[in-house]
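Heads up, the next two complexes both have subunit A, just with different partners, subunit B and then subunit C.
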Partner chain A sequence: MASVALKNLCKKFGQTSVVKDVNVEIGDGEFLVFVGPSGCGKTTTLRMVVGLESLSEGEIHIGNRLVNNLPPGDRDVAMVFQNYALYSHMTVSRNLGFALKARGLAEKEITKRVQRVAKMLDLEELLERKPKQLSGGQRQRVALGRAVVRNPQVFLMDEPLSNLDALLRLQTRKELIELTTELNSTVIYVTHDQVEAMTMGHRLAVMNKGEVVQLDPPEKVFNEPANRFVAEFIGSPPMNFLDVEIAEENFQKILKSDAFDMVLPETWYSISESKAILGFRPHDARLVAEGGVSGRVTVVETLGAEKLVYLRVGKNSLSILVPATEKIRSGDQLRFDLNQDALHLFNREDEKRMPSTKQS
Partner chain B sequence: MTKQDFRSRDAKLGFLLVLPAVILVILVVILPIISGIQISFTSQRVVGSEYEFIGLKNYFELFEDKQFIASLGKSAIWVLANGFFQTLAALLIALLINQPFRGQNFVRTWIILPWAVPAAVTAILWRWMFDASSGIVNTTIKGLDLVQKPVLFLANPDIAGMSLTFVNSWRYIPFLTIIFLASLASVPEEEYEAARVDGANPWLQFKSITFPNLLPTLTVLGLVGTLWASNVFDIIWMMTRGGPGEATTTVPVLMYDMAFYGYNISKATAGAIIFLFVLIIFAFVFIFANRKQFVVASETFQDLSK
Partner chain C sequence: MRLFVIILIMFILLAPFLWILLASFRPNMELVRNQSLIPNSLTIENYVSLFSKSGYWQWIINSFIVAMYTVLISIPLIVAGAYSVYRTYFWGRNALSLFLLSVYIFPTALLVVPIFRIFNDLQLVDSHLGCALMNTAFAVPFGIWLLQAFLKSLPPELEEAAAVDGIGRMRTLMQIIIPQVAPGIIAIAMFAFIVSWTEYLFAMTLLLSNDLHTLPIGLTGIVFGQYRVNWGFAAAGAVGSAIPVFLLFLIVGRWFIRGISAGAIK
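Let's look at the complex of A and B:
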């Protein structure tokens, strides 16, 4: 296994910049996830690393080699494609062994390694089948096996679970984590599914419009999102945002929105702006009998153990999570308090996170 | 209305829709064959003349006719040479112009041109170009000092067959190329990408991805092309009349010659019927031997038409 360094990576298709100045170092044995909305350039980035797409600018290092001008076959990376890209005219066994054959390994050695991987991924029964005769989950395992059998420096995976149904996706996710941990693989993983990103990645590279906007471990991305985009994209149900003014009264900082005032915790006293965007996650609200913020219920969604309640507070529509046992109907008037340690403030101009002194 | 009613209505409609085609086939294919078989059992010499029923006499004569046996051999060689040369050339051209380059769309469109040229024009054009004294081919190769004496492309019995094969191929290669291009376009691009990541060189990619995908097309073309090539008459007749000597006398050429210059239309018809049966047997054997590929091919065409 090897480390990977992406330096000032840029990609233009004609006039449009699709990947803009991406700088990411992936450590040996690290599981790095590129996550972001559709069309933000994740696949393009991955295809540049594997060598299927040329670079407009920048450098890619794998191990200690600069690989910019190496063809894909010489980079010693394996890729799991989103639609698997299995060789439709070959049996599973030949699919698995193809890369080894291309490298001129002896037939005996190929068979041995194919057998081992087939056993590892529970494909032994399927070795003589063609891809057409496999289920989606089985195809996915073959695609994975085709990468594993090569024992490459780096695994690249482009939304490998997106074609599986919900249950199978959960199960395969777990297996993938176990497998890559066991092999101590360096993995670059692409997904637009934030749950997948949070559960799998050692670190996340959150992308938006071709740029990496935050590169941090999942907890940090969740707890201290770098800007409003990350805050909104990561976490489900999504974070609430509302415009607030910050006033100073009696040596305290007060948040003022159109419907309520709130004293800001001391950890925020270092900020100087007088306007901001307040963000809080639905599960950081708690129902109270008196005080707090008051709003009128518009919609109630039951999610199982919890209910997601949409409220109208002043001009804003906000959502909060409450235990499913609460009897709430639309039209009700509710009061809730916010967890003071879980507030987020973003700059109104550039939407970047405002620092609080609590932060590491 | 119940589902059943709909079905029988659909079936009736379907029958009505194919009826014109069925009638057409009966009129232009089945009836001529039946009347051909009738004529072959008679002694008729020219169209409209008197004749009597002579049973299988024409057939027995043909089986002892050295000229006829030789023409069967000539036809076999003709089909093999054309099939091999055309398929290989068309495949190479298709692979070549399937690579991205500037003007690709222009080439892809206009490559069909030779196919659109009428056979008569093609024949005259190439006779003129192959001319011994003033033809452009001879003046060119002589100018390049490749030969001392002009090459008798159509008058030398050892060369005439090859020259005709070349001209016939020139006509059919564009069509085959287009078919191959369509077939290549249906090979999933990501399989090539996966193969590149797996480190496969172009030859291995061709062998393990392109070729298996082309195989159904190749098989269908093998059948259709054989039948087409067997029946080529126009180019040969207009360029060499089967000559020099009998160097290029394939079965269709011999039958035409026998019917209209040898004044023996019933014997020529018998020869044509024998040839027809040879081709039918070939087609059955070929389809049976390659039935798997034919199933795949028909599925592919269904997919394409979706």
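Let's look at the complex of A and C:
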């Protein structure tokens, strides 16, 4: 296994910039996830690393080699494709062994490695089948096995779970985490599913419009999103946002929105702006009998243990999570309070996070 | 209603074949005199003379040799051509792939004399190989065009996976691409076979010796006898030349369909 460094990576298709100045270092044995909405350039970035797409600018290092000009086959990386790309005319065992055979490994060594991987991925019973005779999950494991058997420096995976149904995806996700931990693999993983990203990644590289907007461990991305885009994209149900003004009264900073005023905790006293965007997650609100913020219920969605309640507060539409036992119907008037430690403020101009002194 | 339409279409398509099949069992005199569709008398006389009094077996063998040459030469050319037009990038690639089919816009009769002269210089006149080369020239452009459609239906990830796994181009072509489009290649081989089997004009010009003649030439020779056209005999000849192809299709076709359902993409 090896580390990977992407330096000033840029990709243009004609005039359009698809990947813009991506700088990411992936440590040996690290599981790094590129996550972002559709079309933000994740796949293109991955394809540049593997060598299927040329670079417009920048450098890619794998281990201590600069691989910019190496063909994919010489980079010693393995890729798992979204549609698996299995060789459908070959049996599972030939699929697994094909790359080794092409590299001229001895037949005995190939059989040994294929057997070991088949055992690891629970494919032993399926070795003589053709891909067409396998279920989606089994095909996925064959695709994974084809990568593992080569024992490459780096694994690259482009949405390998997205063709599986929800339950199987959960299970395969867990298996994939176990496998990569056991092998201590360096993995670059691409997904647009933020839950997958949060659960699997040691670190996330959140992408938007070709740029990496935040590169941090999942907890930090969740608790201290670098800007409004990250705050909205990561976390489900998504964060609420509303425009507020910040006023100073009696040595206190007060948040004023069109419907309510709120005293800011002291940790925010270092900021100087007078306008901001307030963000809070639906589960950071708590129903109260009096005081707090008041709003009228528009829609109630039952999610199981909880209910997601949409409220109209002043001109804003907000959502809060409440225990499913609360009896709430649309039209009701509700009061809720916000967890003071879980507030986020974003600059109105560039939508970047405003730092508080508690987090640094 | 739908059944009726199907039967009608089948009838329109099959009627000429049925007529020929029937005619081949009717005495020639009856065919000349009586135009009715229902035969008064049936005979196997036409087949007896086809099989025992003509060069039928020799022609079949010759036709088969020429067709096999054609298939064996054109398939590698078609595979290499289709793969390079579809996958490699060189200047003028699109123009080339459009230009391919323009081979067919020349009336072939115009080519007879120049081809004869060229082949004469190359000593390819009066040889089965020469005849097969001509058929190859007609089979290859369309074959490339057809195979390209098969290649385009392959997911590009297949080749990309091979590239990432460090499998060379030639190996990828031989062991991954070709097996994936095998049904297409078999279909194209059948196409080339038929092009050659039914070719008349160039076989007529290029094959001078009687013992090299292929079926179409041989049959024309005896059907247009010295004094009059022998229709019954012609019909038997037509059936006699269709049957080998029919049998071949029956064998290869079954394999072909199995190929499609077993291979396929997913």
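Here is the rule we use: the second predicted complex is superposed on the first by the 360 of 360 C-alpha atoms of A that agree within 3 Å, B and C clash if a C-alpha of one lies under 4 Å from a C-alpha of the other, contacts with A are read in each partner's own complex, and residues count from 1 in each chain.
Criterion: contacts are C-beta pairs under 8 Å (C-beta built on N, C-alpha and C of every residue); 3 or more make two chains touch, one makes a residue touch a chain.
All of these numbers come straight from a predicted model, not from anything done at the bench.
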| item | value |
| --- | --- |
| Fit or clash between subunit C and subunit B when superposed on subunit A | clash |
| Partner chain in contact with A:Arg173 - subunit B first, subunit C second, else both or neither | neither |
| Which of subunit B and subunit C A:Pro71 touches, first, second, both or neither | both |
| Partner chain(s) touched by A:Lys132 [first = subunit B, second = subunit C, both, neither] | second |
| Partner chain(s) touched by A:Arg281 [first = subunit B, second = subunit C, both, neither] | neither |
| Interface residues of subunit A shared between complexes with subunit B and subunit C | 50-52, 71-74, 77-79, 81, 83, 85, 87-89, 98-99, 102-103, 146, 150 |
| Residue ranges of subunit A touching subunit C (in the complex, touch as defined) | 50-52, 71-74, 77-79, 81, 83, 85, 87-89, 98-99, 102-103, 130-132, 146, 150 |
| Parts of subunit C lying in touch with subunit A, wherever the complex brings them together | 155, 157-158, 160-161, 163-168, 171, 175-176, 179-180, 182, 262-266 |
| Residue numbers on subunit A that touch subunit B, as the complex places them | 50-52, 71-74, 77-79, 81, 83, 85-90, 98-99, 101-103, 146, 150 |
| Residues of subunit B that touch subunit A when the two form their complex | 188, 190-191, 193-201, 204, 208-209, 212-213 |
